[in-house]
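One chain, chain A, appears in both complexes that follow, with chain B as partner in the first and chain C in the second.
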Partner chain A sequence: MGYFCTYVPEEILYAAGVLPVRILGSHEPQDLTEPHIFAMFCPFCRDCLAQGLKNRYKYLDGLMIAQSCLHIRQAYTSWIKHRPVEFSKFLCMPHKVQSPHAYEFLTEEYKTFKNEVEDWMGKKITDKDLKNAIEVYNENRRLMRKLYELRKRDIPPITGEQVMEVVMAMQMTDKAEHNKMLKDLLKKLENHTPDRETGSRLMILGSEDDDTVFMNMVESCGATFVIDDHCTGSRYFWNEVENGKDLLSSIASRYIDRIPCPTKDWEERKRIPHILKLCKDWNVDGAIIMQQKFCDPHELEFVSIKKALEDAGVPTLFLEFDVTVPIGQFKIRVEAFLEMIGEEDLF
Partner chain B sequence: MAEKKELWRWTESRWTNPKLDWKGKVITSGIDVGSVSSQAVILADGELYTYSNMRTGSDSPDSAMKAVNWAMEDTGLKLEDIKYTVGTGYGRVNVPFSQRAITEIACHARGGNFMYGSSVRTILDMGGQDCKAIHCDERGKVTNFLMNDKCAAGTGRGMEVFADLLGVSINDVGDLSLKVEKEPQPVSSTCVVYAKTEATGLLREGWPKNKVLAAYCSAMAHRIMTLLERIGVEEDFAITGGIAKNRGVVTRLEKEVGIPIMKTDYDTQLAGAIGAALFAKALLEKGKK
Partner chain C sequence: MEQEAKYPTEKLKCWQKAKDIRMKFYQDYVEAHDKGGLRWAGGAWTFDAIPAGLGDDVYPITSEPYSATIAFDKKLSLECMEATEVKGYPRDLCSYMRNYWGSIITDKFAFGYKDGEFVPRFQGAKPIGFPKPDFIWQDHICCSHAKWYQVVSDLEGGIPMYTVDNAVGPSHELTDSKIKYVVEQLKDGIKFLEKTTKRDYDDELLYKAIRNHFVSTSKWAEACALNKAIPAPLDEKSIYSLYVLGTLQKAGKQVADFYEKDLLPEVQDRVKRGIAAVPNESFRVMSDTQPPWSFLSIFRYLEKFGCVSIGSLYTFGLIGQWEVKKDGTWGAKTIPNMEFSSRDQALYEYVKYELHKPEWQHFYSCHFKSDLMIRIAKEWKLSGVMLHYNRGCEGLTVGIAENRLALLDAGFPVMAFEGNNADEREFDEARTKAKINAFMETLGAK
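Moving on, here comes the complex of A and B:
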């Protein structure tokens, strides 16, 4: 089952024996999507749709999305129209997660969704299945938090680029398998000192971001990403499912209470204190705020996040990403930013 | 066929301080290989000794070599007399004899501090293919900066295209644009390609050259203003780079900003290379590689 957004309750799919696979782009220039989606919709949703139209996800039996933003929803609707799949679902994830009614609403939506998945798969999802799925997912989240803990060290044993690869693998593979690999990785990193200078400690935050080329470029300029806030990063796994009234409502609470995406962080901006805490706990020297070009929700957040960070003494650099990033133009901005937050020996 | 005059071609220059003898002094240099122009600045004990300012060719290492050789011409200096070189600008990593590359953002702040004094807090570097608004402290260290978007709109290259289109020498563009009785509406786009199309239309409508230039200079000033508004202008305010020599843009920008723009006797295109040469001196003194 391909999924477009990290608000999809993967636990329910996993319990039914379905493997959720995140839809990501390929970072190749293309014009295939021009007739189907606006050019001023974000490059990520256009890149995702291009993968569908190019039949690169031909192995999928189903495709789904949970409501987050209109751009990615357009990618979903266009995809199922032109490349129909056996099972498709638009899950109505409420925008106003801060409403007290959100829990009950989402639980009811989950009940419907569970029935639909059962009909499709031709079998019941038992409480045992759900419990097992929750445990596998929670273990995965705990292990990822452990991996992130290691990045608090003065010399982090792993780069931001490598962590981004781990998160992408996490969104594509069976979590039980990923757990095994994570345990191995954690063991290897326990006493590992990398053969590179840490340099400035950076945070990267913003919208969907799987641009490893950019991460590599920054980390070769005398810096290390030690923490992130991305849906292809910590936002995806930060929160666990906790025991609640019943299994479905426990899962619903997890997705309602998780570190929000800016489409849902309203009216109270809960993400800002979280970001500030990450900066402090991971001891960052500066933050790169990125977003996919034309991403309205992140654009709206940018002003207040930048202000909050700078008030807390964390300098920021803002960059707008496209399907491919102009490495040269970004490099001068990044180098100048690093010179600004470090390089006292020049004076 | 009559020889076509290259109107966009600005005057290359070099200068040596006649009052200085470099012998026995610590020699450092800064090489700024920009997208349009290259400068070599050589300092003797931190004092400006000699410099050159020329067009960048298609090959960055070659442009760097040419610039430094021209700066050293008739001074008796040889490359091996230079104890530390910092490369900066678009071709900063392609300066063959440099020990270190530093961004032009840091170098313009440091060079601006040297040229305009320690009171300067906002530096606008208006270069060949981009534009940067920089805040700095009293040492010339960057405290914040903002760059324009990824195109050549409102930059030196755009001005060159306009000079060529209108058949006016690039050196005269600014002054000529001020010779209008009434300021015309700015062209609606500073994108070089679109603005060129618009200007062609205006010429066909019978607009005189000075009025078209006024419309373009004013659009450029306005565009830069939007960049400055995003970062804020703290006094004192100075401009570096080639466009700083264009009175048509500077006068209009000064009016929009409402803050006097500082004046200098230095060639404003030298700021990056001066900053680089000063960093070279600091790094040499600290024994940094």
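Moving on, here comes the complex of A and C:
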């Protein structure tokens, strides 16, 4: 099952024996989506749709999205029309996650969804299946938190680029397998000292981001990403499913209480204290705020995030991303930023 | 290309009254505190019957029509846009929102007084600042809705804010649980209002406001349905000045009365007498999304070709409520015939009714919108469609490219033009007119 947004309750799919696979772009320029998505929508949603139109996810039996931002919704709706799949679902994830009524509402939506998946798969999802899925997913989250803990070290044993690869793999593979590999990785990293300078300790945050080329460029300029706030990063796995009233409502609580995407972070801006805490705990020297062009949800957020970071003494660099990034230009800006941070360290 | 008149035409008699209601709306908001009343801010889609329960002296300002007013004032709009950009907000964000924020940042209100009369700023009003609302009462279905007011609250140094999530799925999938989710939020909202304003809540006022809401939204649709007639009694440029009342205060008695007692009878009469909005009507088109407000002249330009824009899903369904009638055609939604006996029941009916809003459906899938557009194109007997690829509003432009494909598939010629509802820097009038020329030629206009 291809899924478009990290608000999709993967546990329910996994319990049904369905493998959730996140739809990501390929970072290749294309004009295939021009007749389908107006150019003022974010490059990520167009890049994702392009993969569908190019039949690159031909192996999918189903496709789904959980209600999040408007942009990505278009990739989903165009895809299911022009490359129909056996099972498709728009799951009505509530926006007002700060409302106490969101829990019950989402649980009801899950009940319907569970029935639909059962009908499609031709078998019941038992409590045992769900419990197992929750356990596999929670273990995965715990292991990822351990991996992130290692990045707190003065010399982090793993780069931001490598972690990004781990998260992307996590969003595409069977979590049980991923757990096995993560355990191996953690063992290897336990006493590992990398053969590189850590340099400035950076955070990266903002829109959807799987641009490993950019990560690599920054990390070759005398810096290491030690933490992130991305849906292709920590926001995806930070919270676990905790024991609640029943299994579906426990899952619902997890998705409601998770670190929010900006589309759901209101009336209070709860993400800001979380980001500040990450900066403090991971001892960050500076933050790169990356923004997909035209990504309204994050555009509506970065002004206040930037201010909060700067008020907390964390310098920021703002960069606007497209399907491909002008790596040369960005390098000059990143170097200047790192130099500025370096000078601050000096005095 | 000027064509001979085929039909008689007349100015709308209720025109001035519509204008007066609009001006009074803004004046009431400005002067609310002088009379000991309250004022609040929220979007055009907000559940405005709810704050009505706080008293008869509680006056709203709705963000989108206010921002369109700014857009109409090119000089003020540019100042607002630039002030917002200076604060760091990108140019591609919702242009209504940027106008609105700019009006707060520059502290320039779009209306004021000239020789004691309340008039728009561009008519020479003495400048006044943006009157700060006492509270924010918003809804959220577009990604920008709640975030818009988060920033307003920040800019004003913190205004109590409550937002209702109404994005619970398309109307054909409504369930009890979806309706209740919204109802429960409204109930919490009432508690918020009581706490914030320290006023007691009056359910009788709520019931009246909900009834007004039913009347406004249904009667507006009824008037729009009359535009199926040939010749069309209303053209889109006039429709803009009429639908706006529903975007100001759909739960207001003055709006419900106007639609029911002034507009509707007059449009019925025009149809009966064959009065055309455009006397040389030969072609009928519809548009989509908000127009570029400072360039409404493009609609007059159409008339030179004998082309009338009869409206759009946007003008029909932004506020209007519709249903499929027994004969399979689209008509005004039937007003629920019931007494309200409790707050819970009234809220339930209000929400159940409102969640059918046609302009909320495409938020779930552009294909629902394509179906509605094709329906309008058929029932309003259109020759073609003009789609405004509106860079200023992601909420209504979402899926528009798919709408274009679907309309073409259904056999309707489509002209797409790029622009911006409220940022005139992004509209090229000459280019759009050249496109219209070519499109009219396709439709067979000489």
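For this structure, a couple of remarks:
Please note the rule applied: the second predicted complex is superposed on the first by the 342 of 347 C-alpha atoms of A that agree within 3 Å, B and C clash if a C-alpha of one lies under 4 Å from a C-alpha of the other, contacts with A are read in each partner's own complex, and residues count from 1 in each chain.
Following the convention adopted for this analysis, a residue touches a chain if its C-beta (ideal position, glycine included) is under 8 Å from a C-beta of that chain, and two chains touch if they have at least 3 such contacts.
These numbers come from a predicted model, not from an experiment.
Using the contact criterion defined above for the overlaid structures, shared-chain residue A:118 touches neither chain B nor chain C, since it reaches no partner.
Residue contacts after overlaying the shared chain place A:257 against neither chain B nor chain C.
By the touch criterion defined above, A:340 reaches chain B but does not reach chain C. With both structures placed on the common chain, the touch criterion links A:139 to neither chain B nor chain C.
Measured by the number of chain A residues touched, the leading partner among chain B and chain C is C.
In the overlay built on the shared chain, the residue A:332 is in contact with chain B alone; chain C does not reach it. After overlaying the two complexes on the shared chain, residue contacts for A:104 are found with chain C alone; chain B is out of touch.
Residue overlap on chain A between the chain B contacts of one complex and the chain C contacts of the other is empty. Across the complex, chain A is touched by residues 87-90, 92-94, 140, 142-144, 146-147, 150-151, 154, 161-165, 167-169, 175, 177-178, 180-181, 184-185, 188, 363-367, 389, 391, 394-395, 397-402, 404-405 of chain C.
By the touch rule above, chain B contacts chain A in their complex via residues 102-106, 110, 139-145, 147, 150, 279, 282-283, 286, 288. Against chain B, in their complex, chain A makes its touches with residues 315, 326, 329, 332-333, 335-336, 339-340, 343, 345-347.
Those residues of chain A lying in contact with chain C across their complex are 34-38, 40-41, 67, 69-71, 73-74, 77-78, 81, 90, 92, 94-96, 99-102, 104-105, 108-109, 112, 262-263, 266-267, 269, 293-294, 296-297, 299-304, 306.
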